[in-house]
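Presented below are the structures under discussion, each in the form of structure tokens.
What follows is a pair of complexes built around subunit A, which joins subunit B in one and subunit C in the other.
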Partner chain A sequence: MRIELVASVALCALTSMALTPIHHSAGGTVAGKVTYTGTPPKMKPIDMAKEPSCAKEHPTPVMNESVVTGPGNALGDVVVYISAGGPASAPPAAQATFDQKGCQYIPHVLALQAGQKLEIRNDDQTSHNIHPLSKVNPEWNKSQPPGAPPIEVAYDKPEFIPVKCNVHPWMHGYFAVLNTSHSAVTGDDGSFSLTGLPPGKYTVTAWQERFGTQSQEVTITGNETAKLDFVLKATEY
Partner chain B sequence: MSRVARHIASIAALGILILISATGARAQTVHGLPDIGRGADTKPNTRVGRADAGKPEYTRYCAGCHGDRGDGMGENTQWIDPKPRDFTQATFKCRSTPSGSLPTDQDIINTMRRGIVNSNMPQWRPLTDQTQADILAYIKTFSPRWKTEKPGTPVEIPPETPVTTESILAGRAMYQKFECWKCHGVEGRGDGPSAASLTDSKDQPIHPYDFTTGTRFKCGTTNADLYRIFMTGLDGTPMASFADNIKGNQGWDLVHYLRTLQPIRTPEAALWKTWLAAHASELKPIGPPESGRN
Partner chain C sequence: MGKSFAIAVSVIALLSAGVFAARIWWLPPDISALGLRIDGQLAETMVFTGVLFVAAQLALAAFVWQSTGRTATIRLFPGGPMPLVGAATAIVGLEVLALVFIGTRVWSQAFLTPAPANAIHIDVQAGQFAFYFRYAGPDGKFGVPHPELINEGESNFFGLDPKNDTAARDDIVSASLVVPVDQPVLLTMHSKDVGHSLFIPQLRLQQDFVPGLIIPVHFTATGITKTEIVCTQLCGLGHYNMRAYFEVLSKDDFAKWLTDQAGQ
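Take a look at the complex of A and B:
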């Protein structure tokens, strides 16, 4: 048990050393919370009756995820990223993973960097077709039957790409292909943290699939944590 | 010979000529279909096109639907379904190349010549090879992708395997396994459980192909065309590429099965009919496993 723990801690340390560029280990942080004002649309339960193999994986119906909220008007699944002023960085060696499980996309919104390797998996007992509706990047559409190997792709240009499965029309997600490795997707509590920022003046942008984008400027001088909150205006439809 | 008699004679001669050519065409039937323009559609066009020469031709023949800016918003577009191709995206249904890649020049020439069945895109075979090449060169000016990307490498199609009952049965198993029936229906009628909700990449409703009424496909007529369609997928539509999951001769099994669904006399359909007459009860129905089928 103890050996295992030590080993896993060592492994974690090793991995983070391998994956994190040097300038990330120190530097400033931008952290805060994304909330909404107004009335967000009510999310409806998804009827998966047409796909029994997925329906049985959800004892309670899954809700539509286009607006994810938490207590205190917190807004989840918001991509917060450095949109200007960030240091140019090569795409991370770590691959981003997008999973299809229970006829849902996990995560619903995936932030990745242009050029970063993206692995798409099917953990369902049904065939999916992965159809990212890109406009700037080439649009493709591939089938992935149960047990098929992961699909490996990369996107060259920054773009927010809606992803859908034509077979299961309720499946909906996003690839947020960004020009930066400094990005985060908020959890249900709306919080985010962008770390390892060298001193400089940055534009930080928050993007939500229904409520659009909002940008703010922030200046980092050292190793401090700059607090930055976003309030997005909820639109009902 | 009087003038009238001469007239009658020449009309008769014309009739005989038409008859002869019709019989000739009949003799070349492929799977019971008159062999209209096969080969002529896909004959290599080796002409080098010039965009400036193509522009007036495009304006004359194409812009009414595809729009002056190539965005698929011509004056006829509002009346047309399916909608004309938007060339500014450089996303094309009929390609020999993998999903997401640009088609070859010949792919687009083939589409021009054969037109697209069940759509308003007619056959442009009367245009000369040079005009087709010029129009193609002009179409390529609508998207910057043609400057920065090369067409993909065409999907390899091995020589066709013999049509056998085993091949058809293997293809039928693929139709079940890859869940083709989810859109194309358990009998190929285009009425699967997902059919009603399908939309193309521009959110326009789109129908899956109905094999039971269709003879030609959007992207060709031959067995090799059919093979190519499911390997490359039809970009911009819900029809995905199966190239990652169907390999080599396996593809021919699926082709052979799909041919049994069509309302045309094919060697596959004949063989299948004979086999079914004695073995129909052995088949598990196609459809969802949970419903006790399969």
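Take a look at the complex of A and C:
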């Protein structure tokens, strides 16, 4: 009786460990780099003269971020995620944070899971009015004066949502609400890494706000790192 | 009681007229080629209306002073009230008409005369809650705006189509209105959404944006300055925040600024 109890408790513990998303450290990894071919559009500097409190935070003008490139044709701000075949998982307890600072959205592209708590902060000395232009999820827009508490929201359905500020027309970002916790946003070097994948066959998709999406299939058998590169086609206009 | 009322009326009337007569609160120094005439017209209107205002208030005070303590009987003006009201309306009407006719000379210079042929053309778009100014760029031609292509996130504030429209590729879009000194400037003003207004007190220029209309306005700035343009038509939540810089540069500095912008 006693042994049975201990055994069942141990079994429960093991099972719950296997099911928790924290399990990411073990398992396979998909890693690689996103690059572009062709000529990307020339990004223009943003003139924030009308908002001096923001303008003074940028000694050199901030560039438009709709295409972020790095050396070697690297493409930044690309969302890479498991679009099919991924293990189902509950939204992570950790909340995603989207900051308004220097009249910019930080990060420019935020990947989060459907149902995950999202905190939107205003770290500027000016009022913002955040307006995510969602079509599948309910649309809203909220004013956030300086010093106001963070806005807490969650999106229930997967969707790529453009975000704008109703006060500062140049402010622009994206919420990438995904069905998976396995996602990454590339840095300026275009690299990404999706870890903790149990063995299986996956579809991995890369999304860039102007150049669209590209998908590839990959099979993970154990703890190996599968290399996967994406090359998106850039257009100048 | 009646006498102190008469004194109060006189003091208020004289003080408020005095503020204008002494030009304590006046417009900022003008830097517009038409500014002197506009200010002249403004002063003329002030004198016309100011003299009548003070005279009417002092007459009121005098009657109150004189009637204090007396048992008043209300008597009709000889001939009844109609001729009096009629005469007053005619006098005031003639005064307003006279001001309009005199003022039209200046007004037509600013609004009814086309811009000189050598005017620099700047396309102005107002939208919630910012102004954007577009220059034709090195090719001297404006691209055609397509409102459905407006994408502020990609800095395409005017809805240009550089893919298919080569004239649009070098258009310069600025968040500040920058003009050269002593050179006529033509603004074509249009709104992306609701009504807005462009007010530059130094130019004695104020013009509303009306959705659906392209409104031409021209001016010549005669002094080098950097000042603020504010929206003076309540346009929504961020109205208080809708502003831009107005900068008048020397001809050389303007040419350099334009070259710098074209290179971006």
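Assume the second predicted complex is superposed on the first by the 215 of 237 C-alpha atoms of A that agree within 3 Å, B and C clash if a C-alpha of one lies under 4 Å from a C-alpha of the other, contacts with A are read in each partner's own complex, and residues count from 1 in each chain.
By our rule, a contact is a pair of C-beta atoms (placed from the backbone, for glycine too) under 8 Å apart; a residue touches a chain by one contact, two chains touch by 3 or more.
Every value quoted in this text rests on a predicted model; they were computed, and no experiment measured them.
Annotation for the three-chain superposition on subunit A: subunit B and subunit C clash.
By the touch criterion defined above, A:His172 lies against subunit C but remains apart from subunit B after alignment on the C-alpha atoms of chain A. Judged by the touch definition given at the top, the superposed model places A:Ser143 against both subunit B and subunit C. Contacts of A:Asn64 after superposition on the shared chain: subunit C is touched, whereas subunit B is not.
Of the two partner chains placed around the shared chain by superposition, neither subunit B nor subunit C is touched by A:Ala88. Contacts of A:Thr126 after superposition on the shared chain: both subunit B and subunit C are touched.
Of the two partner chains placed by superposition, only subunit C is touched by A:Arg210; subunit B is not.
When the shared chain is aligned, subunit B comes close enough to touch A:Ile151, but subunit C does not. Within the superposed arrangement, the part of subunit B that overlaps subunit C, taken from 189-197, 225-233, 243-251 or 261-269, is 189-197.
Touched by subunit B in one complex and by subunit C in the other are residues 50, 126-127, 129, 143, 166-169 of subunit A.
Contacts from subunit B toward subunit A in the complex involve residues 89-91, 98-102, 145, 149, 177-179, 182-183, 193-194, 197-199, 201, 233, 235-245, 288, 290.
Only residues 41, 44-51, 64, 66, 126-127, 129, 143, 162, 164, 166-170, 172, 210, 237 of subunit A touch subunit C when the two sit together in their complex.
Contact residues of subunit A toward subunit B in the complex are 50, 52-53, 126-127, 129-131, 133, 135, 138-145, 148-149, 151, 166-169.
Only residues 127-131, 152-155, 157, 162-163, 173-176, 237-238, 241-245, 264 of subunit C touch subunit A when the two sit together in their complex.
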